[in-house]
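Mind looking over this structure? Questions follow.
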Amino acid sequence: ADTIKLGVAGPHSGDLASYGIPTIKAAELVVKEINAKGGVLGKQVELLVEDDVCKPEVATNTATKLVSEGVHVVLGHICSGATKAALGIYKDSSIPVMSPSATNPALTQSGDYPNFFRTIASDDAQARLEVDFALDVLKLKKIAVLHDKGDYGKGLAEFAKAFLEKDARAEVVFYEGITPGAVDYSAVVQKIKRSKAEAVIFGGYHPEASKIVSQMRKKRMDTVFISDDGVKDDTFIKVAQKYAEGVYATGPMDVSKNSMAIAANEAHQKTYAADPGAFYLNAYAAAIALLNAIEQAGSTDYAAVTNALRTKDVETPLGKIRFDDRGDAIGVGFSMYQVKDGAYVELK
Amino acid sequence: MLSLVDIHTYYGNIHALKGVSLEVKEGEIITLIGANGAGKTTTLMSISGIVPPRNGNVHFLGEAITRVNPNKIVSMGISQVPEGRRIFPYLSVLENLDMGAFLRNDQEGVKSDLDYVFSLFPILAERRNQAGGTLSGGEQQMLAISRALMARPRLLLLDEPSLGLAPLIVKQIFEIIKKINSENNTTIFLVEQNANLALKVAHRGYVMENGRITLSDAASSLLVNEEVKKAYLGI
Amino acid sequence: MEPILDVQQLTMDFGGLRALDKVDLDVRQGEIVALIGPNGAGKTTFFNCITGIYNPTGGDVMISPPKNGAAQRINGLKPNRVTEKGLARTFQNIRLFQNMTVLENVMIGCHCRMKAGILGAVLRGISTRREEEAVVQKSYSILKKIGLDKHVNDFAKNLPYGAQRRLEIARAMATEPFMLLLDEPAAGMNPHETQELDELILRIRESEGISILLIEHDMKLVMSLSDRIFVMDYGKKIAQGTPAAISKNSDVIKAYLGEEIDA
Amino acid sequence: MEYFFELFLGGLTRGSIYALIALGYTMVYGIVQLINFAHGEIYMIGAFTALIVISVLTILGWNQIAILLIAAVVAVVYSSAYGYTMEKIAYKPLRQAPRLSALISAIGMSLFLQNYVLLAQTSDFMPFPGLIPDFEFMEPYAHIIGSPEVVILVTTTIVMVLLTFLIKFTKIGKAMRATAQDRDMAMLVGVDVNRVISVTFIIGSATAAIGGVLIASHIGQINFYIGFIAGIKAFVAAVLGGIGSIPGAVLGSLVLGWTESFFTGYISSDYEDVFAFVFLVLILIFRPAGILGRSTTEKV
Amino acid sequence: MGSLSPATMRIEKQTSMIANELKKSFQVCIWFMFLTFPIMVIRVNTVENIIEWRWANLFFVGIGSFVLSAVWRFLIRRKERGSQETVADGVDRVTLSQRLLADRRFTIPALITVGVGAVAFPFVFSIYQTNIMITALIYVLLGLGLNIVVGVAGLLDLGYAAFYCVGAYSYALLNYHFGLGFWTVLGIGAGLAALFGIILGFPVLRLRGDYLAIVTLGFGEIIRLIMENWNEFSFGPSGIANIPRPGFFGVDMNIEQATIYIYFLMIILSLFTIFVVNRLQNSRIGRAWIALREDEVACQAMGIDKRKTKLMAFALGATWAGFAGVVFAAKTTFINPASFTLWESINILCVVVLGGMGSIVGVIVGAFILILLPEYLRFLSEYRILAFGAILVVMMVFRPGGIVETVRRTYQYKETEHDVPHGRPAAQ
């Protein structure tokens, strides 16, 4: 049958599976809905889901597999590293790729990947926001920067550190990486305490963040904790519970009032009887954007589709978006959130 | 007491016992002699159930013990002093002896048996807290025999007990064999390279070649059998 | 004649236990010397100290290889260096390379007399190929001499016990020693096989000119083979002499033999 | 000085967490000589089972203490059952096989169990309730060490003592040691080796479950992957202490915990693991069989 | 008595056996239903306080375990019976694969087929297929290298990915900083890896078995962590992108051509590896490695220098990982430390053990199976790794020696006319 083939690539097994699986769910729901409405360009949309375990070497296989199966557009990959390895292959085959989560700045800023788009902002934007918030709003002087040694977390932390160092108002009193997955972070926490930092800017994900925050609070430290969208996740609050109170985190602008976002979350609840996971809405938006671009372009032609992505606005759970020349979504930005009474609240 | 009927035992693909039948009566000392690789050790291992025979039957005290778990067989009263001693290397001498009495529950009896084996082999008492693995070869052999005795077996299987022992001790060992046979009425199945000595203490003997029993007779007749003399007694 | 092995005041302690206590022993070229003594006397420990398995606590081990006669001290050397110098041994508890064939076991013995390095192995030039062939041939002829030629391609673990003991000797001979140290070579053999071993050992001395130091509890073998006998007890040397003298030595009889035996 | 003390306690806590897992690891290793790669997964399954029980009972409105006890018991039962079954399927048929084959089988088991939980539950982190209340009398010290940490420390000590006692002095313990040293010979003195091995796995898995419950409630979250990371650390700790030795596992864990804590505290957490491994290598160079392992020189 | 003919007795015995088996399977089925109950059936939503009961899963587990248990028992039984039957003919059991490998009538046509197939492959199959073949070939290199260390010399190495990492970073960095080309770095990378092999070798000389395993594991992690932390040197976790593919006299290639080119390059490199490794194994050094694995004490007593031999094994094993690493970097064009984790080392170890330790053919087969299997299991999507884990267990249980077991080489010798003074010893 003649179908529109939408590839979905990301980690679906292994330790990072939790970042990849929500994207499959999002794609499934979007496709189900669109197919029910008659599909794209009158054709049904077919999903081709492939695992890349977040590993560059597997990602190249995943990408060639998708290419040889004739995908028209790809939703993915999830990790920046895997994305970088795979992009060359898609580029050679003229396939547009859109990631809901790969935040490495170089992906768009280097200009090496004209076929790449993303529905999430890049790490430097987040770092900027975090630093500005710490200096301008909170007026802090001594800041500790911490990261999880990962691709994403460390990248972000480095930007934060660089921004802070350029600014005379504050000093970085502490800059270190922690080991992800460790059972306890008391030593690092003690060290932060000794450094007399007023705030911690953490680059990384919520499992580590919740452990660090909990340990700090249990040790009766009230150091301000500022983090990123890896932490702006409800799981963080569920896990850290009372200790989560007061934590700042940047995240995509609040869409909780967006009707599409509400619908998307409900659809997930209904179908899978569970809360959606990480990057679910970004993925949802990306799937819509990709399929919409094909519809708008009137074909799956590479030039036409990418052009449509760059020129035509599309209504998504993240709001009305369009992509700039480098592939970053316009209108998808970050705001600062704080945990108040067990929920993230956007700060204006 | 013990009877083997046409047993066949294999090591993976090697057919080690090719139809062995033999019998041991209560209170006897019987000996099994044969060249290297004839299958003597395998016979004992088949009785103990470590290398269960694939075909054939083993009966002990009227019960079939073919393919019964080794620990059950031990609990029925069969103990073995295996070839190569097999001392638990990191257990002390005392603990090794204790393991020998693993299935026994009579503390008193165990204690007196301990004194008994120490009287048989005083050197073991001297080394009682040394790790078994660091004993000299001969000391290990004494320990292996003592360990088997600690189980107070009804049938004692001995695999080359004189291996690596000083002449003085060898003599001692054979005396002990006779002694436990007559005093404790322990039945003894003795495998020996030292056929001369073995046939002297045994009542009956079997000769094994290539996985088969080729000869069986009263020990005294085997001692004077020309073929046996030539092949096994080195005379 | 100069001794080719001269051990003086050899001492070995294990924690509190003195396993060897100032033992002297010497072997001359072409001799068969036996080391006997009760179980636990320290005989195997003596071998271990000479061959570098243990580093003795005290004393000297000197060798003067017959070919390049200079005397040298070898205690503290690594076992492989000792073997290179021309002392080869067998083990009381057989230690063959179980999952290698009989021929390969002997070829390993030749290792230290070969030269091929990595490059040689990969390129397999003429000299390497020659060397390999020569080693196969040499190993085979040793096996033939020892009477294991029927088993060349069998796995060592599948050999009968007696054959395994002989293979240990073959492997040791392949290192081209000037002296063989045999630890209870007759253990586990029946009298008939022991007789064969007796002949084999004599033949090794005769045809190869290898001197032999052996530990053994089979007195018949010891008495018929050895030129001289050393007796140990509790880590000390208690006697030394000809078989005839030893068999009548009252200390030895008391500690070890139990009765007088015919030499 | 206070800083030093804080790091010391932090290392102690971390070490006793490792120890809870390492104990079972080392015990199974000591008896069966198998690196039970899937031990971490047993720990993870223990934690999951506990979480499920806790959630169900909480929803049903039971009382806190009862929940804690029931959850712990169920977790122990289930982990033991998993350990037992795993041995029967993946290791028992490989008793005579080369050791590495059993190791690969264990790795397969580990992958299987991880993904089994991943698929049957979820890949996300799930919050694990802090079951251990903050004790009143601990409040003055709360800025240094928390009540859950103290509970973990105490439990580790108890488990260690019990296991040591079990192995040293009980009949089954003796049977275990004999089985470890020479399986055939153990049979020849009447030990039911299959049973001994099953019991070993059951006890090892039970300690893993206790670890699972306590550690999860200390950390506050679990997912299907926690077992792997913890398993590796525990493995390292067990080897460091001398694999097969029960006190060794605890000592190794503590040394590892302190090493990490002090290195992070005084130098940098960037190279925390690097340093821990370098330290491991150094110790093993001087004590090739671990801190409390018996020396490997064999008598020839 | 006499009323029962032997035939009916047999049938009766069989039916009772089958009944017994079914009973056993039923017990297993109940046990597994119990075992999987909490995790498979209950799912809790702690936020909304909802318990989801998935009773259907219990049913599937029941059916599944019943069937699997029956099959499992049947296979185990057959495995045991199988070994009995081969015994009956009395010949040494040589497995079918070994027999085939030894038979020239089989090997030559087989080699030709494989050769033709290998050459035609990229032209017949898609670029995806070619791509995964390249990955498989990289693992052939890795497997053969690790096989020297683990399979032949018996040194359990859990940090082999470190050398792979060294190779990959050599190319990426030397290219980035100095513009060195693929071919130049291929040699340098292998050399550096060998150097690291020796560096690792020194401290572990005294260690045995699992202590060695843990130290090598540590070494592997150390290398990876340094790459992660030392940004100035390695660009940290974000890795190095845009690594050039291997050049071919400056010809510009599109991705398809480049893939085919790398494919043939890997074929040649694999053949070279097989050639060298084979020669090494059958040399004086190879024998020493095996002897070392069998018995260290005896080995030294036979005059083998333990230290030197071990170091050689480490260095030579690492060399191949170096080669593989360089190719890997060139193939993916992007590397970061995440590709060289412990799982990578484990994966390579699985290749060696599953294929058959010590056997070159085995390792090659192992590499193909282990690398292609997950790729071809892709249709199982999320169940892929689950299935992979299960397959590892099953393969080990039913073929514990690996897929292809080693055959010890037999040597050619000439009958010598040795004059033995006392006549041939009368060995029977």
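Labels A, B, C, D and E are assigned to the chains in the order they are written; within every chain, residues are numbered from 1.
We adopt the following convention: a residue touches a chain if its C-beta (ideal position, glycine included) is under 8 Å from a C-beta of that chain, and two chains touch if they have at least 3 such contacts.
Every value quoted in this text rests on a predicted model; they were computed, and no experiment measured them.
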item: Where chain A and chain E overlap in contact partners, by chain label; value: D
item: Farthest chain (mean CA position) relative to chain C; value: A
item: Innermost chain by mean C-alpha position; value: E
item: Chain pair with more C-beta contacts, D-E versus B-C; value: D-E
item: Distance between the centres, which are taken as Cα means, of chain D and chain A, whole angstrom; value: 35
item: Whole-Å gap between the CA centroids of chain C and chain D; value: 48
item: Chain A and chain C, separation of their C-alpha mean positions in angstrom; value: 72
item: Centroid spacing, where centroids are CA-atom means, of chain B and chain D in whole angstrom; value: 43
item: Interface hub residues of chain A, defined as touching at least two other chains; value: 13-14, 21, 149, 177, 238, 274
item: Residue list for chain D, restricted to those that touch at least two other chains; value: 115, 118, 122, 127, 270, 273, 298, 300
item: Touching two or more other chains - residue numbers and ranges from chain B; value: 14, 35, 134
item: Residue ranges of chain D touching chain B (in the complex, touch as defined); value: 171, 174-175, 177-178, 181-182, 184-194, 294, 298-299
item: In the complex with chain C, residue positions of chain E that touch it; value: 276, 279-280, 283-288, 290-291, 294-295, 297-306, 312, 316, 408, 410-414, 416, 418, 420-422, 424-427
item: Complex contact set, residues of chain E against chain A; value: 43, 45-47, 50, 52, 126-129, 131-132, 135, 225, 228-229, 231, 236-239, 241-242, 254-256, 259, 328, 331-336, 338-339, 375, 378, 381-382, 384-385
item: Chain D partner contacts - residues on chain A that touch it in the complex; value: 13-15, 17-18, 21, 149, 176-179, 181-184, 186-188, 190-191, 194, 206-207, 210-211, 214, 218-221, 235, 238-241, 274, 277-278
item: Chain A - residues contacting chain E, complex; value: 12-14, 21, 49-51, 54-57, 60-61, 64-65, 67-69, 80-81, 84-85, 88-89, 92-93, 104, 106, 112, 149-151, 154-155, 158, 177, 234, 238, 273-275
